[in-house]
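Each of the next two complexes has chain A plus one more chain, namely chain B in the first and chain C in the second.
== the complex of A and B ==
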C-alpha cells in the first residue's frame, strides 16, 4: 500500500455489523439446534465450565459471537473445551450445550 | 415531521451590527473564508460588522487540551466581551465552532455559578483594568449566513445546480459538534436536526443528502488527534462518514467548523495513502467547502480569491459542474502575482496518478 509512514493507521470499528456479517453458518447452526434461540445469556455455562476455571475460555462469549456471524478464532478457541458436559446440567433453558460445542466445530471447520 | 422539527429549536439572531471574533486555525487552513465572510456582509449585504485587531484567541484549543485552566479562559472570554462593548457593539459573532462552544459554555457557567462571574470580573479588572459587559446576543457566523440566506439568494449569480444536467447538486452538510451538541438550544434546529447549513443549501438550489452517519463527529476533537498515537481513532471517524456518504454520490461537502472542514478534506488524502481508497465519482475525492466558500461561489466570487486552491481535494470538477469560469494558471498565484508553490501530485488532486485505487463511487 502506501510507502508513507504516518505513525498510525485507520482504527477499525468494533461495532457489530449484523447487516454485513455473513450469517449463513449461524443460520445453519440455529436450524439444526433451534433451542439455541431460547438462550437468555445468563452465563451459567461459563460459570460452571471446567476449562473456564483454568483458562480464559468463555463459552457464552463464543456462542454469542457465532450467532452474530463473528466466527474468526472461534474454532480454535473451542478446542479448549473438554466436553465434560457440566454446562448442559446447569443450563436453565435446557440447551444441549455440549452438543452445541460439537455442532459449532463441525460447521466452522473451514474457518 | 422530520423536516419541520428543526423549527422547535430557534434562537434570536441580530440583523445588523456584529462584533466579529476570528478563528485561530481557519486563517491558516482556509485563509480566504473569513475575508469572504466580511466581504459578503459588508459589500453584498451592507451590514455593519467590526473586525477587531485587538481580540485574541479564545484559547479553546489549550482549554480542551488541559493546558489552559478554566479561570484563565473565562478571563480571556471576558476580555473579548469587554472589547466588544468598548467598540460600541453588543452582538458577538464567532467564526469558530470551538470558540462558539466556549462562549456559550462560559456564559452558562456564569449563569449557573454566579461566584465564577464575580471572580472573573475581578481577574479582568486586575489584569486589564476593563469592566465585563456581557453581549446581548451570541451567534456563530454560519447562523448569520443562514439568517441572511434569502438576501444572498436574491443576489445570486448562480445556483447550486449542475449546469450540464440541470439537476440540483447533491450536498452533504456537516455541523461541528460544539455548535449544538453541548447546548442544543444554541443552534438552529438543535443537535439532532441542525438546519443551519441545510437551510443555506436549500435556499440556494441544492439538494441535501441525508445519509446514515450524518450526525457523526468528524474526529477532530482536540484530545483525539493531538497525540500522534491516537490519530488512528481520529481518522476512523472521518473514514466512517466518508464510507457512509459515498453511495449517495455527493457533489461536495460543506461544513461550518474549522476542524471538520480541514479533516474531511485532508483525511481523504491520508485515507488514499493508508487504505488505497478514494471517494467521489471519478475517484478524485469529494470537495469540502466552508459555507463562506459556498456563498461566495453562489455570489460569483473568484474561487482563487476565496482561497479554494488551499484545499487538499481539488475543486475544479465542482467548479465545472457549477459553470464557474476560472483561470487554471492563476490557481497558485498569490495576490501579488507571485507563484505560491503547488502541492505534490496525489490521488485527490486532478493530476495523473499511476497507482490504482479502489474508488468508492
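== the complex of A and C ==
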C-alpha cells in the first residue's frame, strides 16, 4: 500500500552532533588556516559569489559545515567554485577565502 | 712525446664524468620532448633563428650583455669568468697547435701544457702566447676576486641580496674559486724552475725562485699541479648537480627558444632546459616584493627553480608568489618563470571532478546586441563605477554593445589556471568561447587585465579582436569618435601587472590620461611597476600582508602629489583604495567624467 503524497515531507533533523562528528579534518583545516575562526558568518562571500549568482552554491554554508565536521558532499559542491576571488576582497575579516577553498578541497579530496 | 702524469687523473676522471652526465641529461631531455616540440625543432632547424641563436649564445652565455646593462661591475664579473675561461681554453688550444702542429694531443695535454712543456723538452718560448695566456688568466682571476668581493659586499655590485646556496653549490663554488689561483701557483712554480712565461706567472715565478731554495720548489711542484687538477676534477664532478649545470643548459635553451619552443601550462621535457639553465645568480631576489615588504626569503624564483630541480618543491613555495612578473622582467637568462610556476602548481593539484561545472551547460546571462562585446569581468562587479562609466562611454559614441556578464557571468578561467587547475579552467574557456561565437562579436572589450591576458593567451579567438578598455578608449579618442575635455587635474598612474608586464600595454592608458589631464609617474613604473599585492596568484599570504605590500606601492603613487590615483584594473583599484585616503579612480571613470558635451 502506497502512502498518499501530500506534497510535503519531513525534514531530516538538523542537529549538529559534535559528539559523533569526526572533527579531525576540521581541526586540521583550522590549524592550517586559523583565521577561519574569525569568520562572523556575515555571508558577504556568498553574496558576492560568481558561482552563487548562477547556481545555489553557498560558500558560507560549506565552510560552516566543514567546521562542524559535516563533510558529506562538500568536496563535490565546492568544486563548483571558480576561484575568481571576489569573496576574498569583500570579506570583512580578511580571510584568505581562495586559499581556504583550495585547502578544504585538498583535505577532503579523498573523502 | 708524453702527455700523461699521475696528477692528471682527477682531471681526466672529472672530465669523463662531466661529459657522460651532461650527454645523458641532454639526450634524455630531447628524447622526452613531446612530438609538437620535436616537429618545431625539425621545422626551424635551418632558419635564421639558428643564426640568431649563435649570436645570442656569444652575447649572453659568454659576454653576459644583459647583466652588463644591469650593473657594469656585475656584468664584468660574469663576463670575465665565462668569456675569460672560454678564451683560456681556445687560446690554449691554439697555443699547443702552434708549438706542436696538428698533432693528436689528449685533452690533458692542452690543459696542462705548461707542465708538459719542460717534460717534453720544449725550450723555445713564444712570448705572444705566454703574455696572452697570462692576460687571460689575470682576467679570470679578476672575476674570481670580484666573486669573493660580491660575497662580502653584494650591494656594491647592484644586488642588495645574494642567493643562499645549497651544499652542492657550495662545493662547486669552492672548487671553482680554487681552480684559477691554483693554476696561477702551479704555472708560477713551473716558471720558477724552468723559466719562461708571461708578465704574471713569469714575474711571480721569478719572485718565488729568488725567495725559495730549489729543493723547496721541487717539493712543491708536483703537489701544486695535483691541487690544480683536483680542483678542476672536483668542479667537473659537482657541475651537473649544481647551479653550474647552467653553463651547458643555457646554450641548448637559447637554440630551442629560437626554434620557438615554449613552456606550457602542462609540464613537459622542455621545462628541464629552463629549470637547469638557472644559474642562481639571484638577480630575481631584489625585485620580489614578498622579500622586500614581507621578509619572506624562501620563495623567490631562484629558490623555486632550485626546489623544483631537486624535487623538493613544497606546496607553500609553489603557491607563495604574486606572479607579478617583476623577476621575469629582470632574469638575464629569460626563463619563463610564471609559466613554470603555474605548471608546477598544476602537477600538484589538478584533480578535476567528474561533472564539475555542469551548471555551465545552456547558461546565457548576456544582454544587448552588437558587434562589440563587453566583458566586465568578475572583479569589475565589485567596482560598479567602472561598468557604469563604460556604459556611458558606449552610449556617447553610439556603439551597439553586447554585454556578456552584466547580470552575472562566468569567470574567464585565469584564476583557476593560476592555481594550477588548468583542466577545470578549460571548461570556462570553452564556455566563454562558445558564448562569444554564438553572439558573433568581432571586438571584445574587457575591463579586467586578468581576463584580457587569458583571452589573449589561453583562448583561440581568431576573428575577434580582444582589447582592454584602456586600448578601446585610446582608439575612440584617436579616431575622434569620442571627444574629451582637457582638464586641469593631475593623475598618478599605476600599471597593473597583468596589463603592463603581462600584456605589454603601457602607452594606451597613458595617452588616454594625457588626453584628459596631466599624467604623473610613480618612482617604479612601466616594466618596473610594483604589484598591488592582491594578486590572485598568491593563496598563501594573509590579508595583513597584502595590505603591507599595497601600502608601500601606494605611497609611491601618493608621492607624485597628483590629484587622483588612476589604475586600469578592478583588483588593483580595490587594493589601492583600501590603503590610501587619496581619490582612486579607474581610467574609464576619468574618461566618462570628461566627455565633452
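Keep in mind that, in the parts below, the second predicted complex is superposed on the first by the 98 of 111 C-alpha atoms of A that agree within 3 Å, B and C clash if a C-alpha of one lies under 4 Å from a C-alpha of the other, contacts with A are read in each partner's own complex, and residues count from 1 in each chain.
One rule holds in what follows: a residue touches a chain if its C-beta (ideal position, glycine included) is under 8 Å from a C-beta of that chain, and two chains touch if they have at least 3 such contacts.
For clarity, every value in this text was computed on a predicted model and none was experimentally measured.
Q: Looking at A:40 after the superposition, I want to know if it touches chain B, chain C, both of them or none. Which is it: first, second, both, neither?
A: A:40 sits against neither chain B nor chain C.
Q: Considering only touches as defined above, state whether A:53 meets chain B (first), chain C (second), both or neither.
A: second
Q: For A:11 in the superposed arrangement: first (chain B), second (chain C), both or neither?
A: First partner only.
Q: Looking at the overlay, what does A:79 touch: chain B (first), chain C (second), both, or neither?
A: The answer is second: A:79 touches chain C but not chain B.
Q: Under the stated touch criterion, which partner chain does A:31 make contact with: chain B (first), chain C (second), both, or neither?
A: In the superposition, A:31 contacts neither chain B nor chain C.
Q: Count the residues of chain A touched by chain B and by chain C, then name the partner with the higher count.
A: Ranking chain B and chain C by residues of chain A touched puts C first.
Q: What residues of chain C sit close enough to touch chain A in their complex?
A: On the chain C side, the touching residues are 349, 351, 353, 356-357, 359, 363, 365, 378-379, 381-382, 408-411, 413, 415-416, 419, 421, 424, 428, 534, 536, 539-544, 571, 574.
Q: Help me check something: in the complex, which residues belonging to chain A touch chain B?
A: Going by the criterion above, the answer is residues 1-2, 4, 6-13.
Q: Quick check on the complex: what are the chain B residues that touch chain A?
A: Touch residues, chain B against chain A: 228-233, 235-236, 239-240, 270-271, 273-276.
Q: Looking at the complex, which residues from chain A come into contact with chain C?
A: That would be residues 35, 48, 50-51, 53-55, 75-76, 79-80, 82-86, 89-91, 94-96, 98-99, 102, 106, 109 of chain A.
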